[in-house]
Amino acid sequence: GYAKLDTHRKSRSGFAEVIFCSGKSDKHMLEIFGRLYEDEGEVLGTRASEEQYELIRKEYPEAEYDPISRIIKIEKDNKKRVGKIAVCSAGTADIPVAEEAAQVAEYFGSNVERIYDVGVSGIHRLLGTMDRINGANCVVAVAGMEGALASVIGGLVDVPVIAVPTSVGYGANMNGLSALLTMINSCANGITVVNIDNGYGAGYVATQINRLGVRK
Amino acid sequence: GYAKLDTHRKSRSGFAEVIFCSGKSDKHMLEIFGRLYEDEGEVLGTRASEEQYELIRKEYPEAEYDPISRIIKIEKDNKKRVGKIAVCSAGTADIPVAEEAAQVAEYFGSNVERIYDVGVSGIHRLLGTMDRINGANCVVAVAGMEGALASVIGGLVDVPVIAVPTSVGYGANMNGLSALLTMINSCANGITVVNIDNGYGAGYVATQINRLGVRK
Amino acid sequence: GYAKLDTHRKSRSGFAEVIFCSGKSDKHMLEIFGRLYEDEGEVLGTRASEEQYELIRKEYPEAEYDPISRIIKIEKDNKKRVGKIAVCSAGTADIPVAEEAAQVAEYFGSNVERIYDVGVSGIHRLLGTMDRINGANCVVAVAGMEGALASVIGGLVDVPVIAVPTSVGYGANMNGLSALLTMINSCANGITVVNIDNGYGAGYVATQINRLGVRK
Amino acid sequence: GYAKLDTHRKSRSGFAEVIFCSGKSDKHMLEIFGRLYEDEGEVLGTRASEEQYELIRKEYPEAEYDPISRIIKIEKDNKKRVGKIAVCSAGTADIPVAEEAAQVAEYFGSNVERIYDVGVSGIHRLLGTMDRINGANCVVAVAGMEGALASVIGGLVDVPVIAVPTSVGYGANMNGLSALLTMINSCANGITVVNIDNGYGAGYVATQINRLGVRK
Amino acid sequence: GYAKLDTHRKSRSGFAEVIFCSGKSDKHMLEIFGRLYEDEGEVLGTRASEEQYELIRKEYPEAEYDPISRIIKIEKDNKKRVGKIAVCSAGTADIPVAEEAAQVAEYFGSNVERIYDVGVSGIHRLLGTMDRINGANCVVAVAGMEGALASVIGGLVDVPVIAVPTSVGYGANMNGLSALLTMINSCANGITVVNIDNGYGAGYVATQINRLGVRK
Amino acid sequence: GYAKLDTHRKSRSGFAEVIFCSGKSDKHMLEIFGRLYEDEGEVLGTRASEEQYELIRKEYPEAEYDPISRIIKIEKDNKKRVGKIAVCSAGTADIPVAEEAAQVAEYFGSNVERIYDVGVSGIHRLLGTMDRINGANCVVAVAGMEGALASVIGGLVDVPVIAVPTSVGYGANMNGLSALLTMINSCANGITVVNIDNGYGAGYVATQINRLGVRK
Amino acid sequence: GYAKLDTHRKSRSGFAEVIFCSGKSDKHMLEIFGRLYEDEGEVLGTRASEEQYELIRKEYPEAEYDPISRIIKIEKDNKKRVGKIAVCSAGTADIPVAEEAAQVAEYFGSNVERIYDVGVSGIHRLLGTMDRINGANCVVAVAGMEGALASVIGGLVDVPVIAVPTSVGYGANMNGLSALLTMINSCANGITVVNIDNGYGAGYVATQINRLGVRK
Amino acid sequence: GYAKLDTHRKSRSGFAEVIFCSGKSDKHMLEIFGRLYEDEGEVLGTRASEEQYELIRKEYPEAEYDPISRIIKIEKDNKKRVGKIAVCSAGTADIPVAEEAAQVAEYFGSNVERIYDVGVSGIHRLLGTMDRINGANCVVAVAGMEGALASVIGGLVDVPVIAVPTSVGYGANMNGLSALLTMINSCANGITVVNIDNGYGAGYVATQINRLGVRK
């Protein structure tokens, strides 16, 4: 086939390849899903539609699908998880992206603490959860609209904050560009940013950092 | 002359005309300053340079100049001030704009409470000043970079918040557009926005609101 | 559930929480609508679709729906309204946003004067309604395309003008950004701006200002 | 020389070539100025600096310079002017661009009525001058900041309105782009737009239209 | 009804009101169409869908619809047309916008010469039609993609050129913004610009100019 | 003074406060520099001009200044450094930003490996330095123009890559926005992004990550 | 008909006209397809939908359709191909655009070497194919997201690289603008850029270059 | 030193390294200039200031400087030039960029035909020079403002056209972005684009193409 699957990736980087399902034809989906499952004994796809899940399920009834994060996966039993990542979301509408980050991090072997709907327009909500955030090796801050959550968290913790702008909002949110700019211009220290709605990327790099924190 | 001075404005709107000094020729500056002073017995100009102050001072030694806000003025003695406006700034670099707002509001007859350097990257600083903010008829929130201050204040008070984005920052701050977008997309209620660095406009509308709060 | 409903909001801010219906799942819609109705004895949702109305109506036949503003609500009888807010729209296509502002303001207890289709391309239309605008504690100016209405009104009244850009128009209107920029750069005093199509936000802050004007 | 002067332009289009002085080297300035003067018995340059005027004056003491419009010229005596163009400006800061338009139109043989400082934030100023605007074959509307003047004039006259956005303003005016967008999105009929600060272009096309109105 | 129909417009401006059909509800469509038809004995609507035509046709079988320009109309017989406007399009895909301009101009009483598919990538096509363009009182130049047509025509004629950018193209055409910028920055004289896809506006102003050219 | 120095920051976050010198008045510079030096026994300022160095040096002759990174500092002797951060730059023109990152990381106690002028247009240069990059707990990738360096490094290492876009380039680089977008859209895993030219921010977060890698 | 088919193009430029199918009506499709087939004995259309293929196939059963490149064609047998063009794609999602380029180049008589899924996040993939790229007269580099592929190839070959940004990606990819900017700002020599997703344009100019390389 | 001079480049790519002088310190300028001169027996720098020329001239009196193209060089005598490249500019203000392209191409061994001030607003000027353009292996089209020149040339020749947008213009030219967009969206075939003002890049790739045309 055209695609060059990178099945040696795990040995090289410590991370198995993950499928970006959106836009893949049925034929490609099945083929890639199968090939990765075979190689690794487990497999995960992001941005999967209900239709793609139906397709996969016929061949692999053990596959699971979460309509919120839109993740499809078959995961090994009894995987050990290490360290701790806090995944925070500003609003309930940001949860799909937050869950993409959280589940990817879990799949890659990290413990995740979920702290949702703690946007800055009601700052007491965030402050009341600091004990659950503390102890994490890094924080993923997911927010749309004005995206201010990352800056506030950045001022409250001493570990890296991975900021994920989301396309949640309307009008001048410009499909997430406004939140992205907010986060890139953050006045707080320790903030770095990934693409709009890129929960996967945040879960990946959070795991890299989390592993550093638990190594040895 | 070309300019049509609007000297009836005060009776119409309750606000005397103010001079936007930036870009005015020396001849225009002197003429307009003089005319308004004559009409009102006091006069205020924003965005004035040191050079313009020197020019005015020769003719009107009673004029005062504040190099931070860049306001030049001659103000009547013993003006009564009413109500209360809280003017908050995120960083020290935002103070010039905050002072423009504060001094304009005072000139127009409002009491002003200044609360500076309370940006969201150290949220305890803002929370520690809530008692000084409470009681204000409205709050002016001045912030550059990611401009998150307005959202946090919006969640803490029950009066209107006038958000003023500033051009403070660099890179992707796009000279203040990023902070403007943050504020326009705020997830908090009660936030409205004026132009980048427009301290004057914020001081003006804050006074309109403050007057409503004290009327009768 | 994931969402942290802010049912204490009313005591804190004087405003009950309102539902942003767009994008909410049926399950969430019903649950949140029910919970707020229970707590407050009334409830209002913005950006509701016909389908969401059908859903709610089955459970709550007393719910009303306005297809223009897309507001769904159950409102207490005989609510007292105070003060006056003038809501002006430039064109008929801006009326959905203007109605969102007007009905939200009424729900929050303000009297509203509606003045529609008074865009600046036929300035006599606006001038002919000044007697109805006068006496308002603030004006909401709703306009798409070039959004010039706010500036003209700002020059005619002495109270705050809340400018609401709309996405009405095409081509270089850039889905409302053009009108937003017009309003932010207004040469008139007393103009502040909310997000594109954000009738809700305008109705909210207009009520805050209106309350100040009637307090005591 | 490199430049191909288009000295036949006048016979082809009825308009002599005009010099865009900005950025021209001294050598080029003198050469082009001289050549056009020779060919036409008169010559006009836009965007000329004081320094360029000093340079030209040494060679051509009859040259005149207007520091406001930044036009340098030697004009034939007793030129007959025809028809009428109204040139309106929103603020005094827009006058340099308005004067570029007015003086170019006069140089090309049009009568010009100047109506300055009639911005929409004080609409009575514009309304009070309608008798001077009426009778013009077209109107040039020059405005910066939010640029709303063109729309209001478009609704008041039945001849074409040439809208000239200016770079006057600050912050989100984006150096005139905001005013340009306002004018392009105008809800009024009969508005067409030229480049930011392009008084020359407006004076040119206004003359083309004016000539049509007086032809025969 | 909400809408304030401007039925006196014709006497004021010499142009009857035209319906912008896009987005109008069936009820509004019928009501406005009927009212204008009654007042003027003819009526024209732009951006009408097939469905809107079906709706109107049931009530007014004499209505005509052109699926290319998307214009619906009932026009008086034997209307006299005056002068001449040349309407040029760069590609065949620009014809819908060009036809909107042409038919609006004809409805308002102008003679129109159509010159289509003469884009600058095959300049001989345009040059071969100059005899048909000559004699027009103004030219409407309709082009998408890079929109260079207006500049080339501007250099070939001595009457005003109304440039209409279209959204034709893909990728970095940014839905017509690229063509708009091309036209606004034209190095040719006599070019003014209207909004993207605004054939109506071009037909309107072209008629204003054409009338000047034939007046008396 | 106005500024609220955050001298408890070190105990809270493990990082002493750093001075952003750009735009600070002489009076503020001296005061803040002195206060931090007193509290910590060392002090570092970024974006310092030669003039600010002269100012500081008069009071504190032990201060050092690096004209490339524009860092001014007094650093304690014999500070122990831990772990390893690789700082890579694409071109020589990116070195000022890379050095800001490197020296900040060293000041905060990290070992830094500098790998400069390894841009992707000569990929062998980067590949030839992989042995020096390997073993780092994270990589800082500094690049202007098209900013492709981060993606290539991201594919070669298994630790987090902090991407720093720079304003190096011209034309469509849009002062660094182009490089920022490149990095945000990276197809490689493990890339997060900070603001344009924000070497400080990269050095800070790289140190946070590096500390996690050496903790225990 | 309205369209002016340029059937002499082949003699003038050496390239037959190609149909841009997207947006063409059925009637136009059939007519143009037929006319070109008749003139040339072969015909090719880009951006064709399945529906357009069904339409054409009824009349011309010999027509072929490739759902990936969306090219429809009838091609002469035994066409001789010359030289060599390497077409490289960064990801599998970029293959549709790469195939448009490749098949257009083949139709115009070039030999094409396809090298797909060699994006820079796994640089060994690209390096491993250099022997297949070498010997080409030019390279087409197709990439979305951050579009870094062109720069890396530019540093590895000594022939022109035609860079094709694609709209592949999400969020801040801004539908391909980000990749376009990357490529325009490339630090490598020999890179030129065509429009987003413009495989056709790349195949065309690559053939022009390839022909130069084989001429004589 | 920090910089890794790529002195093997010539053997690899057939092109010696060229110095991008802008922003280089005196020390770096002298060192790099000297080193390349030594290696190649000749050397060329772009974007050099008068000051940098003075600096170089003291050490290397044989160096030449052209204040228009801002190129500094020492070139071998009697270099043989091959093939032909036509370099066209739209206006006289675009000549500096055109000369950068022309002189770089000549330095790299190409014959160059210069055709300047042939912008599309006077199309006869371009058409009158076609005999000089014909026979070139490629054309470089340099234009600012609306940048339409490339499209017109693309329709007249059958060889590749390298389009160079320039920052010439004002207002909505957005420092060359408008011309860049025009060129990227060209409706003509065979157009590819380089960065704004990138005469160097155009001269480089034009030489690559020219060499293909003369090879063997």
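Letters are used for the chains, namely A, B, C, D, E, F, G and H, taken in the order the chains are written, and counting of residues starts over at 1 for each.
To be clear about the criterion, contacts are C-beta pairs under 8 Å (C-beta built on N, C-alpha and C of every residue); 3 or more make two chains touch, one makes a residue touch a chain.
In this text, all values refer to a predicted model and were calculated from it rather than measured experimentally.
A.B. asks: Averaging each chain's C-alpha atoms to get its centre, pick out the one most distant from chain B.
C.D. replies: Result for max centroid distance from chain B is chain G.
A.B. asks: Could you work out how far chain D has to rotate to sit on chain H, using CA atoms and steps of 5 degrees?
C.D. replies: To map chain D onto chain H, rotate by about 90 degrees.
A.B. asks: Need the most distant chain from chain D, centre defined as the mean of C-alpha atoms.
C.D. replies: So the chain farthest away from chain D turns out to be A.
A.B. asks: Just to confirm, which listed pair, F-G, D-H or A-F, duplicates the contacts seen in C-D for more than half of them?
C.D. replies: F-G
A.B. asks: Measuring centre to centre with CA averages, how many angstrom lie between chain E and chain H?
C.D. replies: 42
A.B. asks: Between chain B and chain C, what's the gap in Å when you average each chain's C-alpha atoms?
C.D. replies: 27
A.B. asks: From the C-alpha centre of chain D to that of chain G, how far is it in Å?
C.D. replies: Computed from C-alpha means, the inter-chain centre distance equals 47 Å.
A.B. asks: Averaging only over C-alpha atoms, locate the centres of chain B and chain D and give their separation in whole Å.
C.D. replies: The separation of the two C-alpha centroids amounts to 36 Å.
A.B. asks: Please output the residue numbers of chain A that touch at least 2 other chains, ranges allowed.
C.D. replies: As it turns out, chain A has residues touching two or more other chains at 122, 171-174, 177, 180, 184-185, 189, 195.
A.B. asks: Can you give me every chain pair that touches, using the contact definition above?
C.D. replies: Contact pairs between chains: A-B, A-C, A-F, A-G, B-C, B-D, B-F, C-D, C-E, D-E, D-H, E-G, E-H, F-G, F-H, G-H.
A.B. asks: Within their complex, state which residues of chain A touch chain G.
C.D. replies: 2-4, 6, 23, 28, 165, 167, 175-177, 180, 195-198
A.B. asks: Within their complex, state which residues of chain C touch chain D.
C.D. replies: Those residues of chain C that touch chain D are 90-91, 119-123, 127, 145-148, 151-152, 154-156, 169, 171-174, 177-179, 181-189.
A.B. asks: In the complex, go through chain B and note every residue touching chain C.
C.D. replies: 12-15, 137-138, 158-160, 162, 180, 184-185, 189-195, 201, 204-205, 208-209, 212-213, 215-216
A.B. asks: Quick one: in the complex, what on chain E touches chain G?
C.D. replies: 92-93, 95, 116-118, 122, 125, 170-174
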